[in-house]
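Some structures to go through are shown next.
First chain A sits with chain B, and in the next complex the same chain sits with chain C.
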Partner chain A sequence: MAMSEAALARRNEGGSRSSIWRRLEENPFSWLLPVAILLGIFYLYPIFDVLRLAFTNASLRGGEEHYTFNSFVALIANPVLPDILWTTFIFTAGSVLGQQLFGLGIAVLVMRGERRRLYGMTALRTIVLIAWVIPGIANGLIWQMLFSEAPFGAMNSVLRMLHIAPVAWLSDPGIAMISAIISNVWRGTAFSMIVLYAALKVIDVTLYEAASVDGASGWQKFRYITLPQLRPAILVNSILITIATLNTFDAIISLTGGGPGRATEVLSLYTFNTVFRNLDLAGGSVLSLLMLLISLVLAVGYASFLPRREPNE
Partner chain B sequence: MSSETREKLGDIATYIIAIVIAAFFLIPLLWLLSLSLRTRQEVYLGASRFIPKHPTIANFEQILSDPAFINYLWNGLKLSALGGIGCLIVAAPAAYAFSRFHFSSRNSLMMSILAFQMVSPLVILVPLYRYMATLGLLDGHFGVTMIYIAVSVPMAVWLLKSSIDGIPKSLEEAAQIDGCSRFGIFRRITLPLIGPGIASAFILIMILNWSQFLIPFLLLSSDSKLPISVAIFAFAGTSNASSTQVLAAACLVAVVPAIVAFLLLQRMIVGALTAGAVKG
Partner chain C sequence: MRASIRVALLATVASCFIGSAFADDMITKDRVGPADAPKVLSFRLTGDGPGNTDPAVAEGYQKLFVDFIQKHPGWQIKLERMSDNIGQEQARMLEQTKSGSGPDCAAVDSFVLALFMNAGVLKPLNEYFSDDEIADLFPFVRSGITGKDGKIYAWWWDTDLRVLYRNKEIVADAPQTWDELKAAAIASKDKGMEGVLVNGGRWEGTTFDWLANFWAQGGSLVDDSGKPIFAEGENRAKFLKAVNYFKDLVDSGAAPKRIATIVNYDEFNAAAAAGTTALFIGGNWQLAQLKSTLEPEEFAKWTFSAIPGPTKDERSTGTGGWTIGAFSSDPEKVAMCAGIAKEIYSGAGNALQQQLPTSKALFGKYDVFKSDANKAFAAALVDGQARPGVPIYPEISNQIQVMMGDVLTGAKTPEQALDAANAAVQAAYARL
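Right, the complex of A and B next:
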């Protein structure tokens, strides 16, 4: 009985020390301490420092630092910023809409297949999920090979075999954005699918049975039972994938590098370039704050549509 | 039309759509495989040689015989594993507290831990880059590992908490009556019981760490320290049309470990994800 021996040994160590240990053990915050320290050093402190740096003229080149509002002024006066924000908006909206609709479609399809006991539904789910574990950087490189505009590029050589004119997948500004969205949807759909699939699984089947008795059509069941029941899952998923898309960096830098021109230079890439290419730490900090603010506003915005409390909880 | 015929037609439609979806998700990877098995001449023949006429493993031989490339793979594995282990060590006590203690700030603390997940690593790297430069931690695996741990800890706390929620309290209570301390219970009873949950969380975090790009890209500079994700990006920058097949092989080698790890533990990973999703 090693446990009771250990307990006895601890008791013999002397009252005061063991009671301090005991109190520490029974206090949940001592268990949370490691996580708190880690997040404090690597998240909280940096975030406060970003806030501070935004009010300085700091540069990665070094030099004397003093406090100023210049970076904010420069940001507002920056003629490039509206384009960057518009690009970010199109990329994020396109990706989120695509992932959500496609993910929902696949989840509904897999559910129907499972209900009818069709073969291959688990295989389909697995195939979709495989794309999700592809590293972002590889995702960009793989799609770059597919969209390659050389005569032997995947898409364009297929088009040529069909006698269709080649498409400037990555060198036309408008099409490059669509290409970037397609590649992002390819990788991101799996997450939406799995979230919505899990939510579909827990919908009470008696709702559908009752609707069938009332003579509801398949579409009516989807519109009046499935969608309302999925609302919380869709909203939570929207928060997660919107922020994930806003933060997307690797898949874009390896696919288009932000080009052609600035056509696919989203906010995260622009922030990166500001700090690590132009070495403008203060300007990059202002942009980082902007990224944080956008994420926060969107998360709170979506969350406000969530039902206050689930009736079954 | 009887309802049975309609269901049958629905089944056919389901299969057709399923095949189209599977094709969309598989073709990019099959194209990568196709390119990686071609000779340089066949790369120039495009989609007509989707199935290469003269398949070759020379591209794989070329990259896998390069000691630098093996080193990139090793660095990727090392950083992913160390990051995963460190993350679990930090996350497990917190997960236990969130599962077994009842305190008023519990829910709000859990949500705020999750909120950190929404901060882009780029935002924290802007100031961290400077600290690390001051502390001399740039271009070292230690600093990178610490940031990997911090980035994945929120998710690990949530995953482990739902694992601990899933085991009955009665065993722990029995040990408590025997005079076992809280920490003893946690170490000797709770942790062994959630072994499968720990394993799936570990694999999931390793897969995410394997994909990490921004952190090592910014913090590491010497070639011998780069993990595979940064190395293939650098390689892509120097490669051109005549080395596409080698880049394809390198990409494939970089993605296969993640795919294999995922397939081996698919059931557990999907289970962990859906458990989290249901709770929202």
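Right, the complex of A and C next:
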């Protein structure tokens, strides 16, 4: 029986609908488009705008804006930049190392405590997390009170009670950097602890059982089982906390303000000062690009050490 | 009779409720005036306002604002509170006003007023203030708010100055010179004190307080065109002399090394309360703070005098304060903004917060400024000097803060630190 024209039209319509649906299903780009638009507006656009501003003479003071390479030239000629980069390197390296070590230590401690069903492990995890949720500015102010060199400063008062000479926590350029690292490690350790604790949880227990059968010591188990199993987590954590530390300026600005002199003025704080004190928007944009470049290089560097997935996996 | 008493009581209670509801409705955390008022003025302010942390001051401002808005029916004021990070707030506001998204009216810190004036975002206020009112302003205030065209672009309503505070029991006589201050500070250490305290960390207070020592010698940071000249000719020698003075205070033990970390005037109050210092250079407003912090018998030991100079006759003190400026292009909003400056802050606000007025007439108008202390502050304003209203000033200040840290910690010699500061300032000036 011949199909009526109306039925044919309905079938064609249904067919074209399903073909659009199929095309949509086969093409993931269409599903990713909303997210891509959002990311583009809120992440990529500011980056492009910073890139554009870096090639201008833009200033918060006003005036005619024109395109120029002067900001890049000024950055290269800036005699302060090497010192700022060195300070940034020390602060970042010290913070990342400290956060990894303390994060790993606490994660292992919590794991061992849980295996032995000790009470208070949840409380311990919670206490560590409290430091993480404290805003950077508050973190700086807390440590400023602790490191205060006034006769009534907290840590020096304790040292005096122990008949130990007070320490120039913030007024000595060398010690001020160590103090800044301590405050940042205190705040950031919780994040590392969470990442590494999650990674420790998924290590196959049979590996440890087999090692015990072979007579491995505790250190050998840690060195040859725990650390290799944690490698991806450590590397991912390194990427995340390195970028976070490079961007840290709130804790430093409230702790030392970058001083004494420039002893604790890291790149992010220098960028902040360039924009909000010098009102030099173009100079700040060039410094932001430098920070972006450093973060990208370090992230790619870390990522190259990540274990690769085999094709047959 | 009973019924009439009941009615009277009910009426009283009802009127109280209506009154409080009205007052509550007239001012909230972020609005003054009826919420449905058709005309809206956005006003960005500091803690000097209805949100002040001192309940008495907050209440005083609430009354002033409500009284003001009741005189201007049809208006509401949207309050936008700045954070305590004033430098960042002012920089952000400058950017916003340039792009047309700033407030209609705002508090502008006097030391960045020149930036706003040069950016051309402020509206003239001459028609709202009489020539006599403008002429009565202290000279540094008048010149600070006057543009190149002779018009005033903000109303500078309060000022402050720096003085030397001392505990009379430990330091009986006011040190007049740098040498006398050093000797008094060292002597105070024998009585368990830590010496003289001054700002020395990375913040504006360090530059501002120290500049008095440079200005006392007649030094200039910039020339008439706004070019930095502090490291040239006679200025260089005066600059180094003032830097060496602070360095000597630390090296000799007259001041503790920790001054390189002081970034807040509250540290001086804390030290005074703890009884660990007998000398500090602070702001005039700290007298009231000391009074509220210390026990009466302890407060009675404290007094103040002019900041010592290189000689008795060479004196200076830094003067700051806040202005109110209009950014709106709507003449009605500019008039409202000028009204806020004139009717709420200038005079009434000064008296409420005991913040020094900027004109001689207001000192005589309010009893609170007739106290001996406020008379002394007013007299000291004669030596007052405001920071130069030039676009390069923020960078000069930044470099002086860095320099001070480097010198006080021994990281650089004064000459090296000055050369580094000058190189950075000149590079920034070339980019302006």
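Everything below uses one rule, namely that the second predicted complex is superposed on the first by the 270 of 313 C-alpha atoms of A that agree within 3 Å, B and C clash if a C-alpha of one lies under 4 Å from a C-alpha of the other, contacts with A are read in each partner's own complex, and residues count from 1 in each chain.
We take it that a residue touches a chain if its C-beta (ideal position, glycine included) is under 8 Å from a C-beta of that chain, and two chains touch if they have at least 3 such contacts.
Because the structure is predicted, anything quoted here is derived from the model rather than measured.
Annotation for the three-chain superposition on chain A: chain B and chain C clash. In the superposition on chain A, A:R116 contacts chain B only, with no contact to chain C. Contacts of A:L60 after superposition on the shared chain: both chain B and chain C are touched.
Of the two partner chains placed by superposition, A:A210 touches none, neither chain B nor chain C.
Once the two complexes are laid over each other on the shared chain, residue contacts for A:V80 go to chain C alone; chain B is not touched. In the superposition on chain A, A:D280 makes contact with chain C only, not with chain B.
By the touch criterion defined above, A:A168 reaches chain C but does not reach chain B.
In the superposition on chain A, contact is made by A:A263 with chain C only, not with chain B. The partner of chain A that touches more of its residues, comparing chain B with chain C, is B.
Touch criterion met: A:P151 reaches chain B and chain C at once. For chain B, the stretch among 147-155, 201-209, 237-245 or 255-263 that collides with chain C in the superposed model is 237-245.
In the superposition on the C-alpha atoms of chain A, the part of chain A touched by chain B in one complex and by chain C in the other spans residues 60, 148, 150-152, 275-276. Of all residues in chain C, those touching chain A in their complex are 87-88, 91-92, 94-95, 98, 115, 118-121, 194, 200-203, 256-261, 263, 267, 270-271, 274, 276, 391, 394-395, 397-398, 401-403, 405-406, 408-409, 411-412, 420, 423-424, 427-428, 431-432. Chain B meets chain A in the complex at residues 7, 10-11, 14-15, 17-18, 21-22, 24-26, 28-29, 31-32, 35, 43-48, 89-91, 93-94, 96-98, 101, 103, 106, 109, 113, 115-116, 118-130, 146-147, 149-151, 153-154, 157, 175, 178-184, 188, 207, 210-211, 213-214, 218, 229-230, 232-233, 236, 241, 244, 247-248, 251, 254-255, 258-259, 261-263, 266, 270, 273-274, 277-278, 280.
The touching residues of chain A, counted against chain C in their complex, run 57, 59-62, 70, 74, 77-80, 148-152, 168, 170-173, 256-263, 273, 275-280, 283. Against chain B, in their complex, chain A makes its touches with residues 1, 3-4, 6-8, 10, 21-22, 25-26, 28-29, 31-32, 34-35, 38-39, 41-43, 45-47, 49-50, 53, 60, 106, 109, 112-113, 116, 118, 120-121, 123-131, 133-138, 141-146, 148, 150-154, 156-158, 160-161, 186, 194-195, 197-199, 201-202, 232-233, 236, 243, 246-247, 249-250, 253-254, 268, 271-272, 275-276, 281, 284-285, 288, 291-292, 295, 299.
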